[in-house]
Amino acid sequence: MAAPGVALTPARRRLRRRERGLAYLLLVPSLLIFGVFVFWPLVHNVYLGFYRNPPFPGLPSTYVGFDQYKDVLTSQTFFDSVKTTFLFAILTVPTGIVAGLALAVLAHQQLRGIGIYRTFFSSTVATSVAVAAVIFGTLMNPSVGLLPWLGLTTNPTVLQNPDWALIAVAIVTVWQTLGLTFILMASGLQSVPDELYEAAKVDGAGTWSRFWHVTLPMMSPTIFFAVIIGTIFAFQSFGQIDILTQGGPLRKTNVLTYFIYDTLQRQSDPGRAAVLAVALFFLTLLLALAQIRLLERRVSYER
Amino acid sequence: MNDDARALHRRRVWSKVGRYTLLTVLAVIVLFPIYITVVNSLLPPVDITHQPPKLFPSHPQWSSYSDAWSAGHMGTYLKNSFIVTFVITVGQVLTAILAGYAFAFLRFPFKRTLFVVFLATLMVPFEVTIVTNVSTISDLGWYNTYAGLAVPFLATGFGAFLMRQAFLTMPGELRDAAALDGYGHWRFLWRVAVPLARPAVAALTVFAFLAAWNQYLWPLLITKDDKLRTVQIGLKQLQSVSIDQINITFAGAVIAVIPLVILLLFFQKQLVRGLTAGAVKG
Amino acid sequence: MGRVALDQVSKRFDDVAAVDDLTLEVADEEFLVLLGPSGCGKSTALRMIAGLEEPTSGTITIGERVVNDVEAKDRDVAMVFQSYALYPHMTVRRNIEFPLRSRKVPSSERAALVQEAADSLDLGGLLDRKPAQLSGGQRQRVALARAIVRRPQAFLMDEPLSNLDAKLRVQTRAELVELQRRLAATVVYVTHDQVEAMTMGNRIAVLDHGVLQQIGAPQEVYAKPANLFVARFIGSPPMNTVTGRIDRVDGALVAQLPGGRVPVPAELGRVIEAAGIDEVVIGVRPEDLRFTDDGGIPASVSVVESLGHERHVICRLADQQLVIVRQDAHERAPAEESTTHLATDAAALHVFETEHGTRIGS
């Protein structure tokens, strides 16, 4: 940005060039990965969606333009899958946040040994989706004695039961993410200045009133963040469904990610899978934008 | 003590008892699945199917662990997970440091645009890209290889963003002082910027490790045999064993969790910082 | 050591000139202070000398070399920063050593140089500590040691004392001057503190809005401020300035002030008449005003502030303008809310024209 009329000397120009060169050199590794594995697939998906898979393997796929988009996106299966995805998010996100916040508030007390409870409540971060799903899946095995002993039996068994399968998967998910949500909420609570509580106490506010008028408003940015991240997580849930129900029974747990995987791997239909992927992308994008617009207005960002 | 004081004291004691009871009940609920998993891993299968279930292994059978380790391939899965996770973590941290430094300290054309490009990657769920990525990896000849498992994750927009923020909090006078002391960008990066950004590097390392270790969909798509499978999908193989080996499944789950328990015991603070970085600064 | 020269140097950020056509020369072994309020361009000027900012135009010379195209690290100057800019993760020894390492000084020589620099600043016992374990004054000395260890042509200092507490600042001021004499160093020192400027500099260069207002020895700048800005900026309490209309009374020029008039010295009168000026700003330093029973300008005493060794008497003129009079402690203090008159010697008057505030006469 040289001022007009001032020429850069060759030495200066060489320095600038060197800085620029270094900058691009530092960015190239990341850009290469992003280009090949993030942005190229976005473009390529759209293109793949134009080609219909051959009826028999070995034949060339045929160009059908937007026909395949129309087929897939207007199908009842797709509609049901989107519904299931939303339902799953609604079952997991609010429950998870309420549970995590409740535990965080309870663990945010001046009690001896409270540190141990914090460790307990955050313990599920050590588990992965797969570990949680395998544990719960095996415990829900009809031959295992635990559930019948607790009186929690359904017919057909939980994971084969169209009414209960999605709820069971949701419970596993909430449990697995509980540690993470707890950590997030607890550190949010820690950043609320103690003076605010003290001021509220002096003003005569009781426990509930303090929660409603101090904790919740001050936690709103954290909750806002948790809702957005949680929803994105929920929309990307895959492992627990693959391990527990494989989209069944009666496609009742066929969330979009599983639908994509199933179409790509089991039905070996990259064209249709690509259309679904494009749909998932726009759905996540729209959802994130909508949430940001909707929630931003209600959030108190003052610290 | 007068009566009022005594009543107050009694109320305080009861309130304390109540709070501890509530906390304990909740802790039991949260921990029960983990506890019963450990217990079941030590019981003979007959006892697991028994009603009422045994809640304590009076005669622990440790053989399930050796079965899971060798016959169940958990040893191999763990090795694979460690290799892949290590490569991904190191790669992600390195690319994040480099890119973060460029965005924080260097002047170059299209800086703002490129930064938006980095942030845009956060808006693309990985699940969206699998259709193309599977064929890309096959075309590269990386199907069922460590490279195929690791390479797509060697850079993240989140990491670059985190490191940039960390570098930006460093006083600008340090860079000036180093420039006068004779240090160019490259040496300043490694001798001053990175050592000073150690908390952020640690947080990113733990975060990247956790994410890589827990990966499920990608390894499922890109591996085809036990030699390459990672712990997460290996566990799925263990799940399908018959009911008279069900204790092995539980043992496998415990084995899969142990490395993370160890990691988190040592790096709890870094993890919390990594997880909350987005919430506080974003 | 070497000289530092700026020739018509300007620095523009977008349309704002941070430094405007600055020409000045720092002689070899001179201690030059760049003085001005924050945002006056003094730090930008210093950073251009260091090579941390590029001038938009003009030439910078260090020693005998034009350095416009020389990178900061090759300019052979050292800088002490306001925040000291110590590397927090390195020990004191490593901090001092850092500039030597990049210049590939052999390690045996390095150790000796570090020891020497540390000893000269009384840091010998602190070499293995980290900056966080040091007091503010110690950190400041480490920053100095890191600068002197290289034996550069010139030292550039950017408000190096502003993070010290008042008592330590006075002591460090003297130590810095001592060090500069001992090393026979060329120093360019940036500050907004006029006391530092007055006490430390061989010469002071006063900047405002990127423009050099005056350059000269401290006493000269104090006694003959080149314009109103310098007059008001240097001196504490600041110079009193009152606007007055020029009149001719009984053949002599006077300035009409609120409630009275002061005669304009004859040699200034000639200049004023020749220029056809009909309004001036009269300036008097607080210590040059005295109370008198008759004559002079009427004033009412508003507040008397005693500082122990001296006294500031704040008075109001007829039009409510405030004027400060400085008295020694042994002088008789006027009572608050009493009425009195103010007088001064003609030789103590500073006269400025109103348009640009430029000093009239010598």
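Order of writing sets the chain letters: A, B and C. Residues in each chain are counted from 1.
Just so we're on the same page, a residue touches a chain if its C-beta (ideal position, glycine included) is under 8 Å from a C-beta of that chain, and two chains touch if they have at least 3 such contacts.
Being a predicted model, the structure only gives us computed values, none of them experimental.
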>> How are the chains arranged in terms of who touches whom: line, ring, star, complete or other?
In response: complete
> Any idea whether B-C or A-B has more C-beta pairs in contact?
Replying inline: A-B
> If you average the CA atoms of subunit A and of subunit C, how many Å lie between those two points?
Replying inline: 60
> Distance from the CA centroid of subunit B to that of subunit C, rounded to the nearest Å?
Replying inline: 57
>> Taking the mean of the CA coordinates per chain, how far is subunit A from subunit B in Å?
In response: 15
> On subunit C, where are the residues touching two or more other chains?
Replying inline: 71
> Touching subunit B in the complex: which residues of subunit A?
Replying inline: 16, 19-20, 22-24, 26-27, 29-34, 36-42, 44-45, 48, 103, 106-107, 109, 111, 114, 117, 120-121, 123-132, 134-139, 141, 143-146, 148-149, 175, 178, 180, 183-184, 187-188, 191, 221-222, 225-226, 229, 232, 235-236, 238-239, 242-243, 256-257, 260-261, 264-265, 270, 273-274, 277-278, 280-281, 284-285, 288
> Which of the residues in subunit A come into contact with subunit C in the complex?
Replying inline: 2-3, 6, 9, 11-12, 15
>> If we count contacts the way the header does, which residues on subunit C are in touch with subunit B in the complex?
In response: 47, 50-52, 71-73, 75, 77-79, 81-83, 85, 87-89, 98-99, 102-103, 146
> Where on subunit C is subunit A touching in the complex?
Replying inline: 12, 54, 56-57, 68-71
>> Help me check something: in the complex, which residues belonging to subunit B touch subunit C?
In response: 171, 173-174, 176-184, 187, 192, 195-196, 198
